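Consider the two complexes below, in which chain A is the common component and chain B and chain C are the respective partners.
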Partner chain A sequence: MFKLPQRDTKTLLAIHGWSGVLLGLLLYAVICTGVAAVFASEINDWASPLKRQQASAAFGPGLDAAVRRLAKQVDPQFHEEVAIYGSAGGRVMLLYHRHETNPAGKPSERGVEFELDPATWQTIATRTGWLEDIAEQRRASGVADFLVNLHVRLHIPDPYGLLVTGALGLAMMVAAVTGLLIHRHLIAELFTLRLGRDPVLRRRDLHVVAGTWNLPFAFVLAFTGSFFSLASTVGIPAVAMVKFGGDQEALIETLSGPPRTENKQAAMLANIDAIIADTRTRSHAEPNFVSVSQYGRADAITSTFTDLPDDTLVYSSYVYDGTTGAFLRTQPPFGTTPSIGASLVGLMYPLHFGNFAGAASKAVWVALGFAAAYVTLTGMLLWTRRREEQSAWRRMARAVHYVGYGLPLALVCAPYAFFALRDSKVEAGTSQGIAFLAVAAVAAVVAVGTGNLDRLRRRLLASTGIAMLGLPLMRMATGGLGWMESYRAGIGAVPAVDIAFVVAALACLWTALRHQHQPSKGTARARTNTTDAQTT
Partner chain B sequence: MSEAAANGKHLRSWLRALLAGPLVLVAACMLMAGGAVWLPPGQAQVNNLVLPIVLFPLLWTALFLYACLDTRMQRAYAVICTLIASNAALVAWHLFG
Partner chain C sequence: MMPASVIAVLISAILLAILGRHDPKRLRNRSREVATGMSTPGLTRGMRRLLGWLVLVPGVVLTVIDQWWAFLIWMGACCALGWVTTHLLSSAATAENAT
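Let's look at the complex of A and B:
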């Protein structure tokens, strides 16, 4: 399809391979955790559902009274802004805070967070401090937070973790673009799948077919992912330096639209329940975030954000006078009027998270993400297999097997620690991190001790299947909701995630235990050389 | 292959890596910073602030592939260094001019 000179094709093929091999193992970890993180809210609902007799809306009646009651309990300096948002299992969080520069010199928030049950509006937990410390103390959302943190920054402290994942995103973009350009017969390779008895040809074809179909999605994921990682670490500081002398808060204020004229006089807050009802009517969507700035003052502003309505891909917020409740304007992601820049940023969210059509689009994103992980893994396996005569590449092949099949096992085992220690004082991230590293260490011993790589793959896959089968049992054994209870409470995520784990477990066990035909070494080598020649 | 030819090829590889690695990264960063100055802000007054940040990954990818593929390395160096110098001058003029 693309008739490039042979020299350019060879260069692109080398870039494609090396971009995958050099960063492929980390990229695989980011993609795997990203696939799971698509269903982060459902995973949290599954892990930490609230026990109740019937379903109740997160932003239902009574929220306004709860906001007023709890405002009296916090230091008035934290009335600068109140953030209200849903969390695991239908919980509602109220964060009273002020914007300050944290000890690391970065813009941050400091205040008090209340975790509430929306059925009774009783406080379940209270946390204080910097936002980063509050996030670490959150227990109910621990399982998904661990996954998301691994996906976003590989648990490396900011800004280095974001820089690493940003670089991985750029490497994935290069692999996707070069993967497109090196195809000489793009249409034919979309459908060429030789599922005969030769595993080498089959693996090569599966990699090419999955990779070719996945090219547009891989590009979109890499582009949006590198944007999210690099915007806050490189982009905003650079633009703030040029336009605002390094003041990042000033840049963010400019992007948010001009602030209201300051008026420090005390004033009653408008009814938040009524504002939320008005937002539902205007947007035809469910609100998911409410922000009240300058709570208790005459210049208070209430902004509401919703899930994406059916007919739109770019989110908007609804801005109200915080004291009268009068609707002021619909606001795009940036600025006060629509713009190309704001629309592009708004598009980044649904394109990366796949949340533009509810569970259906999320399921498609998971499937495409799984295909991207498969392409990354099989690409590294093919690359190392072609060079297995050199001892360094044989060691690399073992590392690829270890990460490729050991990482899912460690990820599945981490929630065991969450369930076992959820009533203890150990932070959810700490307990899961220890479990993750312990399983990774055991898998490393197994990887070193198992001579045959296919046997290693089967052992790790079978272990992952068994761990997945046990996870719903562990959840129930440590006080989790049963299926009937969750049905009555309107939490469909509990049986859905349980069933997903059982299906995935059976798939792992079937893959690990099925019989495979192995060609003789000579035949495999000859086939590999043939496919190398075809590719180049 | 003679030793001189091998050394020349080795040097070209290093020069190509220098161009496609650090210099392309600097060029993409400078384009982003310069874009905040020369891009029109639009009616909402945000395009010049947002577009360079959004387009940064695309800028880097395009420059990286160009730096790897241009057969005439001197021309590639000239293009990348011109981008760096022009945007650096624009930013300096905006900050100190």
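Let's look at the complex of A and C:
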């Protein structure tokens, strides 16, 4: 497609390969967990459903009374802000909190979180402390939280985890752009996949074809992912440093509009149910997050956020007077007035999460994410196999097989610990982390002990398939809803995710057990044609 | 929105399948078929170009009628289906060669 001089092509090929092979294993982990995280809310509904008919709306009638009732139970210092949001199985969370500097010297929130049943508004669980501690105590959303944490920060403490994933996103962008530039026959080879030929040629085609079809989305996902990782760790501090003398609060105030004039007089809160109903009318969408700042004071502000309305890709939030309930303004995702920049920032969310059109868009995003993971893995396999004459690269090829096929196995085994210990006092993240590491360690032993890499691949894939088949059984055996129960309760996520696991398990088992193609007659000829120049 | 996405994806998927089935480079690599004279007839260069542009038409229509959700689904689905189509065609060819 692009005809570059051979020397430039070789340089770009080196950049493409090294950017992939150096960071590829971590990038692969980020992509794999990202694929699963697309269905995070469905996974939570599957793992921790409430055993009754799910409400059609996230915030049904009675929320206002619950907010008022629980506000009386918490220390008034935590009335500084109330965050209201949905969680696993339709649960509603109320977090009464204040903004403080945590013991580590970083801005954080401290307060009390109530987990409520939306049908009765009774409290299921109460958690107190710093936001980080509260998040660790959450049980219902434990399975998806573990995946999302791995995807967003690789379980590395902030800000380092975000910096690492941001760098990985940049590496993916470099690989996508250099891949585009070095592939001279991008269009001509769109359908060229020589599966029966020489193994190296086959691997090359598998990588190139998947990469070519996935190219636009690889770039989009890498760019938006880097944006989310680096905006808070680098972008905001950098802009605050340059423009506001390092005062990040001043920067955020500029972006979100000036706060209301302070008025500490006590005042009745406007009816939240009515505000939510008004937001539904204005947005034609379902609210998913409500924030009440300065609860119980005359300067209270209520902000509502919604799912994306039909045929809209950029969300807006709605700001109300917290005491009268009067609508004040529509707030764009960035800044105080609509702008191209605000739209571009708003566009990042649906483009990265793929959650703009329900299950349909999520399914497409999962397919694209799977393709991205496939490109990363086949790229690393191609790079290491081409250099397998050197012992260091042979060891690297083994590491790539171990991570490539062992990581999905460890990810699938982690929820076993969640289900087994969900009624214990062990935190969901801790139990899953231990199970993940234990399975990773066993897989490492298997990787070292299996001489043939293809046999290693088959063993790990077959194990993943068996683990996937067992997961729905484990869920049911530990008190999870059966299919009939979930059908009666209208909880579609339970059978849907079970079926998805069974289908994925069969795919893994089929891939692991199927007959390996023998190189065909064209092998010898193909071998002679297989040079690095072909990659271009 | 969803019907528009489904129709657009279907049209482009069919065109992609035709393009893939008659792709000249893919056909050249099916050595056994060529040897036995059972090759799938290729399309003329002009026809392939026309089909290639026609694949994009549903997406253009969706943007013109301001269906951005549907456009994104169409674009993502086309990329995923193009990849799957390539695999299916190559797997079928490999299986034929093996028999």
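Just so it is clear, the second predicted complex is superposed on the first by the 512 of 536 C-alpha atoms of A that agree within 3 Å, B and C clash if a C-alpha of one lies under 4 Å from a C-alpha of the other, contacts with A are read in each partner's own complex, and residues count from 1 in each chain.
Note that in this section contacts are C-beta pairs under 8 Å (C-beta built on N, C-alpha and C of every residue); 3 or more make two chains touch, one makes a residue touch a chain.
Given the structure is predicted, the values throughout are model-derived calculations rather than measurements.
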Next on the checklist: Taking the superposition on A as described, I'd like to know which of chain B and chain C A:Pro49 touches: first, second, both or neither.
Outcome noted: neither
Checklist entry - Between chain B (first) and chain C (second), which, if any, makes contact with A:Leu195: first, second, both or neither? => result second
Checklist entry - If you stack the two complexes on chain A, which partner ends up touching A:Val364: first (chain B), second (chain C), both, or neither? => result second
Checklist entry - Which partner does A:Gly335 contact after superposing on A: first (chain B), second (chain C), both, neither? => result first
Checklist entry - Touch check for A:Phe356: first (chain B), second (chain C), both, or neither? => result second
Checklist entry - Is A:Pro415 touching the first partner chain B, the second partner chain C, both, or neither of them? => result neither
Checklist entry - What residues on chain A does chain C touch that chain B touches too? => result none
Checklist entry - Which residues of chain A touch chain B in their complex? => result 7-8, 11-12, 15, 169-170, 173-174, 177-178, 222-223, 226-227, 230-231, 234-236, 238-239, 241-243, 251, 254-255, 332, 334-342, 344-345, 348
Checklist entry - Mind pulling up the chain C residues that touch chain A in the complex? => result 1-2, 5, 19-20, 23, 25-26, 29, 31-32, 52, 66-70, 72-73, 75-77, 79-80, 82-83, 85-87, 89-91, 93-94, 97-98
Checklist outcome for this item: So, in the complex, the side of chain B touching chain A is made of residues 29, 32-34, 36-37, 42-54, 56-58, 60-61, 64-65, 68-69, 71, 91, 94-95
Item to check | chain C partner contacts - residues on chain A that touch it in the complex | outcome: 187-197, 209-210, 213-214, 216-217, 310-313, 350-351, 354, 356-357, 360-361, 364-365, 367-368, 371, 517-518, 520-522
